[in-house]
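Shared between the two complexes below is chain A, which has chain B as its partner in the first and chain C in the second.
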Partner chain A sequence: MSDSVAGRLTAPAIRHTTRWDRLRINRNWLGFWFMLPAALILVLFLAYPLGKGVWLSFTDAKIGRTGVFIGLENYEWLGLPWWEDADGVFWLSVFNTVVYTVVASVVKFAIGLYLAILLNQHLPFKALIRSIVLIPFVVPTVLSAIAFWWIFDSQFSIISWSLRHMGLIDHNINFLGDPNNARAAVIFANIWRGVPFIAITLLAGLQTVSPSLYEAATLDGATRWQNFRFVTFPLLTPIIAVVMTFSVLFTFTDFQLIWAMTRGGPVNATHLMATLSYQRAILAGNLGEGAAIATAMVPFLLFAIMVSWFGLQRRKWQQGADND
Partner chain B sequence: MFNLDRRSLIKGGAALGAMGATGLLDFAKAWAQQSQWKPEQGASLNMLRWKRFVEAEDKQFMVMIDAFSKATGVKVNISNESFDDIQPKASVAANTGQGPDLVWGLFSLPQLFPSKCLPVGDVAEYLGKKYGGWVPSAQAYGQFEGKWVAIPVAFNGGYINYRISSMNKSGFKEFPKDTGGFLDLCKAMKGNNFPVGFALGHATGDGNSWCHWALWSHGGYLVDKNDKVIINSPETAKALEYVKELYGTFTPGTASWNDSSNNKAFLAGDLHLTGNGISIYAAAVAQGMKNIAEDMDHAFWPIGPVGKPTEFQLAFPLLAFNFTKYPQACKALMAYMLEAENYNPWLEAAAGYLTHPLNAYDNNPVWTKDPKNTVFREAAKRTLTAGGLGSIGEKAAAALADFIVVDMFANYCTGREDLKGSIRVAERQAQRLFRS
Partner chain C sequence: MASVEIRDVRKAFGSTQVIHGVNIGINDGEFVILVGPSGCGKSTLLRMIAGLENISGGEIRIGERVVNDVPPKERDIAMVFQNYALYPHMTVADNMAFSMKLRNAPKSEIQARVSKAAGILGLEKLLDRYPRQLSGGQRQRVAMGRAIVRDPQVFLFDEPLSNLDAKLRVQMRTEIKELHQRLKTTTVYVTHDQIEAMTMADKIVVMHDGIVEQMGAPLELYDRPANLFVAGFIGSPAMNFVKGKIRAGAQPSFESDGGGVFPLTTAPQGSDGQPAVYGIRPEHFQLSAAGLPAEVVVVEPTGSETQVVAKIGGQELVCIFRERITAGPGETIRIAPDPNLVHLFDAQSGNRMS
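For the complex of A and B:
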């Protein structure tokens, strides 16, 4: 016969795997698909506003009016601290922000760690005391700020009133009217508010430390201080790194406390970069200038994050060995 | 002495309001009949206004709006915003072309976007002719390059508030009229332990108004009429020296004061001389604090070396956007609000908080029935405009929001900077804002 093909079945069109199939089925891509929604949310709600903010700082945008690109002009007007005609108010706010962040963070850490260790002991009414410690953190910031505003008021301060009635002073203390007093007052308020966060988080960290380590150390003759220094503290450093990073970020970008208590006064002595940025961008309408100040905060924040992550997170530092 | 019985006054006012509502409706109907502005068919308006400080003022305002709606069939929605939020919202509306039809805002609002404002020259002319003409500051706030872009509905006056007995005990029969006498009074009051104080903190209203008075009364200005920065002048230096001497008589803590600090202290009896609107007196009367209400009075800001009033009062212009679908309805409402039948009871209800921009309303009983209100009648006539010599626009608004002048005085008074340094800081900030 001939090589007829009549009896053969036609082969079904072979379905080649397309690129789309690969993207759909491949396990490596699967991870990508699962991450996509989160990535979109991050881009939409974090990266885009940040990028937009940086872009605004290169324009002369006013509220309600899109600006044109003006390059570095906004930054030039802020200047550098050693320039003859730098923006004194801006650099004062940078100074204030650094002082505010450093002092408040160090004190908050010290008190927070102390409280955490205290709460980790066996105390009567432990649960109750732990929840009381959280109160400053639970009160809305604006409410506590207004309370502090009254506490530090130049005429009606409860502190001045009490001291006067005890006969210790003969006139009211000028809490918010004197630059250094005002700085101390707002830092105090920030510390009061920030301590519970650190104390409770460190307490959680302390509870993960296995008691057997203390036993071993004690058998080796370690004192209580050595117990803390060589057991507790090294095991706590990862959580300290995280908690202090957050604490520094929150303190550096603080706004509500200052705005409710002093509005940046007296004579800009408590203006932080965040409050100055708001004043210039929203109240004075110069979005571009405000955005430049806000953008100028980014390097400081990056620096703070770097320090805590690369400094505190190094395992060598934690374990006292050279296993980087 | 005139003895004010607040209770009977309130009752009287309420009765007047209740009776006025129907009377007002009749007036509104008649007015709508013969008005030259006929609202469009099916028109409805959205209006954004600053949030009221005097409840009675707001009430009377709503009665008036209600009568307008009933008489003309135009529905008017009113939304309220705080002082700080009006300008951003209005700016966004101006630039996106949608939002409220009318905005009743502060200071230089219409000058921020004059090309987006509905021209209201006919309304302004009609009202000006009928009610004795506009005061100069009202013309400045309502016009842009000679054309009316807004109707300056009212002003808010801030004046000296003082305790009469304390002034008398300090050797003054009446309140001094010039800056020299004023300084003597403050010194004498301090000497007698009567606390004196003006806000030197970031107090948008109180701080800006008294610091600008001090600067202008000595002939110093932030910018000239071409918006060139001229703060670095011998006049400014004199103003600084004067205020520093004045600051020496202040009670401690004024550098931290915000807009409410002096109200609290005055009402508590811890402050006997300050600068403020009528709100301290109104609160003292409303809360029955007779010892303070009867013992306090108001006075004009003293005249400085320049020899004329240099006050700085708040203006409330009302604008309509040109994107509105109902321009005739907008104009009708604007004209209607300032007609005597509406404006008089409204002004009375505001109890001195609002001051009229049209000369005919000098005769309103609110200014004479309580003599302690009388100085506030002159607020619109005696004020300079935001920006001083310069333009009323976004730059002047930004300079106020940035507290350039307040901080200059505070810098020198608190000793943070010397004379030259304080002026230099202010000059630098002003150059940033007024660069072309």
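For the complex of A and C:
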């Protein structure tokens, strides 16, 4: 019935807004629809695997056999470091990971900051030098790891060869065969690879500092060191917090470099939590136990994120103009 | 406080010379303004006094000391930058105290000097704020406070007002002048704004293409500009220039190329028939029945005065009258340039003919 009487529509002709209309048109729901594809991707590829991994760590799944829920048994096997029957290899890998992360991050930061300041000066061929610095970051990890593997090879190492020819040593250095040498070697490789990222990011931060601040500080009587200590460094702290968070997260979860160079050896001296998890879960087939090791990384990562969260808080001086 | 002596100073960036032998003497306690269009070398000269640029030739003395090779921090100068250059991560108080902290001054002295400077500039309530939380004028004041705390021999200002809006600029102009009258510190101030120069300076140095065009008290420059550049640069609206020839005789006059005839009181000796430029400031015209007939082109009333663009002999002239003008475009008015306030310049060299 769509007859109208005196220009007025009869009741059935008026289309009432349905719930579907509201979902389609309402601004808040519109935002939701735009967000949905991204959210789905994140859920599918991040949240689901993470949840599945945590679930696996509560089962005794093996490759080819769905597990049954066994509660915290996997974690009990890993134990705590002071337990008699704790998993020594696991705790060694925790120790290795922490040493690897701390030493590599500190050195990467120091070298990266130094390089950034150097590259911020007026140098001839500045653009060329900046791109050269980026090379370690551009080369695929596995390729550079294999190169390092040869550099640190027990028979053909170019370092041993050079030192021998200079008469400094009389036999080859056992780089990857000795536990501490191996640790130093993989840390060195990680630093070599990680420095460009930090250097270039900090350089970008340095370039946002107005040169007139340095001039003002120079006139105020600041030496070069005081210029750095009181002007450059404080202004750089926000970007340092960001870049070091990323660096710590990437270093802590490192896998490729170790796997290509040492596979965790010798005698597990370079096993990180990521490599150990892979070895237990995929190579040995104990999915549940591997998942437990991987899940054990989460608290450490959360801790790192918390540190940066507080480091990243907008400092008071960064806050905008509120003339209250 | 100290005098500043600039002797035959030159500056070259690579093979491009930007300052070609400049001589300026600045007396103790004087407020000197370097003014000129962009690229004239005024900021470079200031930065050389500060020690932020090397001196390619000549010498600069602060007090009795030649400072060519003295590092900036030992020159005992303080500088206010165009963008203020406040340290964004320090409070107002810390910004002002920074130089003294670097010198390891005792805390009580720092406190005393900072609060004294804050008192002078009215910054007491803002001492705990960060630069981001301040308005443009407040930032400007903090930048000056940082200079005052130093109690230096010389203040250097590098276009300190160009980042402020027009109203604030006028206000800060007065404040800076007052400050100088109070502290009596030798001041070198760079600006491209001739109004700032006229209103604030004890002595103006007009620079152009790396040389000093003229140096003197503001009204001296206004009354007797040494050449066409200074004549055109000082004063707003700018001086009118008419090209033509001088006619000497019993009743000397100036005949423009377009055929207009302007009366002169005297003609320089032996200048009959000489090509020259006739200069008259807009404010030196009067409405007079005995004046020259001029065709009105545009009338711009501002309330307090009326600016008229009028044509004499095909040449447009800008005039300013205190009276209100009722004539419209196309009508003819009679205007009389004050012959005592006419400037004549040599057409070739552009220099003033006395």
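What we mean here is this: the second predicted complex is superposed on the first by the 292 of 324 C-alpha atoms of A that agree within 3 Å, B and C clash if a C-alpha of one lies under 4 Å from a C-alpha of the other, contacts with A are read in each partner's own complex, and residues count from 1 in each chain.
The criterion applied here is as follows: a contact is a pair of C-beta atoms (placed from the backbone, for glycine too) under 8 Å apart; a residue touches a chain by one contact, two chains touch by 3 or more.
These numbers were taken from a predicted model, which means no experiment stands behind them.
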item	value
Contacts of A:266 with chain B and chain C, given as first, second, both or neither	first
Which of chain B and chain C A:234 touches, first, second, both or neither	second
Partner chain in contact with A:31 - chain B first, chain C second, else both or neither	neither
Which of chain B and chain C A:221 touches, first, second, both or neither	second
Chain B versus chain C as contact partner of A:279, first or second or both or neither	first
Chain B versus chain C as contact partner of A:213, first or second or both or neither	second
Broader residue contact with chain A after superposition on the shared chain, chain B or chain C	B
Partner chain in contact with A:156 - chain B first, chain C second, else both or neither	first
Shared chain A surface residues [contacts with chain B and with chain C]	none
Complex contacts: residues of chain A adjacent to chain C	210, 212-213, 215-222, 226, 230-231, 234-235, 315-323
Interfacial residue positions of chain C with respect to chain A in the complex	50-52, 72-73, 77-79, 81-83, 85, 87-90, 98-99, 102-103, 130-135, 146, 150
Residue numbers on chain B that touch chain A, as the complex places them	84, 87-88, 90-96, 112-113, 200-202, 251-258, 261, 264-265, 268, 270-271, 394, 397-399, 401-402, 407, 410-411, 414, 416, 425, 428-429, 432-433
Residue ranges of chain A touching chain B (in the complex, touch as defined)	62-66, 77, 85, 87-89, 153-156, 171-172, 174-179, 182, 262-269, 279-280, 282-286, 289
